[in-house]
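For reference, chains read A, B, C, D, E and F in written order, and residue numbers begin at 1 within each chain.
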Amino acid sequence: MKRLVYITRKEHFNAAHKLFNPAWSKEDNEAVFGRCANENWHGHNFDLYVTIKGNPSEDTGFIMDLKKLRDVINEHVIEQLDHRNINMDVPWMSGKMASIENLAMGIWDQLVPHIHHGQLHCVKLWETHNNYVEYFGETLEE
Amino acid sequence: MKRLVYITRKEHFNAAHKLFNPAWSKEDNEAVFGRCANENWHGHNFDLYVTIKGNPSEDTGFIMDLKKLRDVINEHVIEQLDHRNINMDVPWMSGKMASIENLAMGIWDQLVPHIHHGQLHCVKLWETHNNYVEYFGETLEE
Amino acid sequence: MKRLVYITRKEHFNAAHKLFNPAWSKEDNEAVFGRCANENWHGHNFDLYVTIKGNPSEDTGFIMDLKKLRDVINEHVIEQLDHRNINMDVPWMSGKMASIENLAMGIWDQLVPHIHHGQLHCVKLWETHNNYVEYFGETLEE
Amino acid sequence: MKRLVYITRKEHFNAAHKLFNPAWSKEDNEAVFGRCANENWHGHNFDLYVTIKGNPSEDTGFIMDLKKLRDVINEHVIEQLDHRNINMDVPWMSGKMASIENLAMGIWDQLVPHIHHGQLHCVKLWETHNNYVEYFGETLEE
Amino acid sequence: MKRLVYITRKEHFNAAHKLFNPAWSKEDNEAVFGRCANENWHGHNFDLYVTIKGNPSEDTGFIMDLKKLRDVINEHVIEQLDHRNINMDVPWMSGKMASIENLAMGIWDQLVPHIHHGQLHCVKLWETHNNYVEYFGETLEE
Amino acid sequence: MKRLVYITRKEHFNAAHKLFNPAWSKEDNEAVFGRCANENWHGHNFDLYVTIKGNPSEDTGFIMDLKKLRDVINEHVIEQLDHRNINMDVPWMSGKMASIENLAMGIWDQLVPHIHHGQLHCVKLWETHNNYVEYFGETLEE
């Protein structure tokens, strides 16, 4: 019997962004996004939780070495987002709204090719004390 | 491909309650509920997390505007519970035990008619630092 | 050289209260205290931090055994406040407004006769995530 | 209609451990486990969340009395782990790597025979501010 | 005997900034400020704690009504910083380095004329999970 | 006018220790230290806050560059305590009781020779969720 366990690593980054749809007028952006549309940007301390699932190895007791998970998250996510402007400095967010929904899906896509032990289960991203987003790699049936 | 994402908004309220079954004697209430049966009430800072799931809009990057979710939670839940007595002041808790299990299901029922973008996924309610309840709208098969 | 060190123990309690001055009309109470004047009470999870200062013993490394400090706080404070109504159930708060300012000074007065190793330095009391009070035993010169 | 609700109780314990595979050389242990292989041990404040699911009783509003859940967790888990050495002092961890993955599964096995109201749903264990593990009783299909 | 008590209110704001001295070259800025000098900005969730000291009123139990303190902080600080760019959008930070040290002193200067009950005691500002600044209105003797 | 500001940096480490006075019998140690005397050790996640006070530079807005403060704390404190046994592995704790009071004073002594901008003001050390110690470099007059 192989048991399925979930392990989570937390990292964080600080970044600037704004919510602004360039196809809309300034007035429409302010009506929809309010203060988040401020043209001079605002920013957040983002807390990122990455969850891997799998069966722990008998030799190590690990699903995946958390030091390696930390290094993967840092190389492919934190290095690209920390002390950056999400709208301007991050190629894989270019042309998308800089919402945390889109950011969480983008982080998933960055990580998934680099998880070789266990399987990526969840990307959870806190933007403020009062809101967070989760993505589990699911799609909606149509 | 439409991706399914989960977004959560946190609110809080402060309220009084007691755990007391009026069909039982005072002694039985104290035997079962201990200090929670104190007839002069006690209270808590409740932390409420409401999770919506759905596919983010391309125009906004949002499943549902969190400002609107905040307003729905405030109008239909917080306004009715904050600085109230759950046993005495809340019509939709009347006649029920004021446990967090029942409170979480009651909050679900208050919210579900007002979620029009995405779908209500979870109501999570912290009562103290040491306990919380979650309701996902599930029923038990019999 | 004897060094002065400060040690803090955290405890918590859950209680009901209201802010209501019986010398005033209901309208005046609502005008000043707002929702906190709700006649049917509300409540909080209170976090209490008690700080003792003194010189650690060479034999134990302790200013005061924290297990004993915990027992003093529990006997003289928590036992009297936890799952109680601060206005109705606590003799040493009787006849005073149930504000956290008054509660912190009352807790100081409960503790100070029972601290025999080191000296009581601070009572800090959180009422919600957003406010706390501190009392250091100071008086204002007039 | 019986609704399915999830209730969680948090407890904590402080313990020492090391990650060290006795079948390997000291050098191999250090190469894989780094600082966690320190032969003189290190330790953590562990936060344990135990989740039970079930249908709340009409009489009490409870799935399971949280005071009883607390007592079960304390008797069968905390009493055996708190202020202990996980590698040396805990019979049911003997011969296994002292990883949090293995610890969470061990805690599950300790608890499951003692949950008689509702059903054990999840054991979640935080080891540091930056990592935690979850076990839901699942097995991998082969 | 009038007792001296300290009361603290927490608020928060989200803002963008950069640490960049315009009198220096880009290289010098990067050498001193590292990632914080990113020309496209970064940002934070700032937590602000404002402490007032004074003697509680017998009628209210309050040093100062916390609802009024909240309103003062919101009007004179949060409204001007939340979802703003500290370097570009805040007149009273103009021409100064946007460090949290300078920001805390600026917030003190904004608040002090508006505290009429009790006395402003401390402005404490968290920038990340790992650093905060405090200003008590003190000056260094020379 | 030079203003005096306080800046704090948080770091953390995980370590094992026991409270055991070798001049006493095992029974006396257990009577005084209880579970903390377990001969096979226990451990904690320690949170360390180091506060520096001084006047911010006009050029940088800094009292002391927090990156440098982080490096000083890591080189002289964290490197020596993290994933170690405080009783066995740390030369400057040798021959002292491994209490957090003694540990905080030891950390102060490690840091003070390396603070060249501003002045060391406080070492604050959390051992569990429920207790912490502070040392401000003060001595008791005799």
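Here is the rule we go by: a contact is a pair of C-beta atoms (placed from the backbone, for glycine too) under 8 Å apart; a residue touches a chain by one contact, two chains touch by 3 or more.
All figures in this text were calculated on a predicted structure; none of them were measured in a lab.
At the subunit B-subunit D interface, residue numbers used by both copies make up under half of all numbers present, so the two copies contact each other through mostly different positions. Comparing the CA-atom centres of all chains against that of subunit E, the greatest distance is found for D.
Chain centres were defined as the mean of their Cα atoms; on that basis the chain farthest from subunit C turns out to be A.
The centroid of the Cα atoms in subunit A and the matching centroid in subunit D are 28 Å apart. The distance from the centre of subunit A to the centre of subunit F, with each centre set as the mean of the Cα atoms, comes to 34 Å.
Looking at subunit F, one finds that residues 129 touch two or more other chains.
Two chains count as a pair here when they touch; such pairs are A-B, A-D, A-E, B-C, B-D, C-E, C-F, D-F, E-F. Touching subunit D in their complex are the following residues of subunit F: 12, 14-17, 35-36, 38, 40-45, 82-85, 88-89, 128-129. Interface residues of subunit A, counted against subunit B in their complex, comprise 19, 21, 23, 32-34, 96-102, 104-105, 129-136, 138-140, 142.
On subunit F, the positions that touch subunit E within their shared complex are 1-11, 51, 54-56, 58-63, 65-67.
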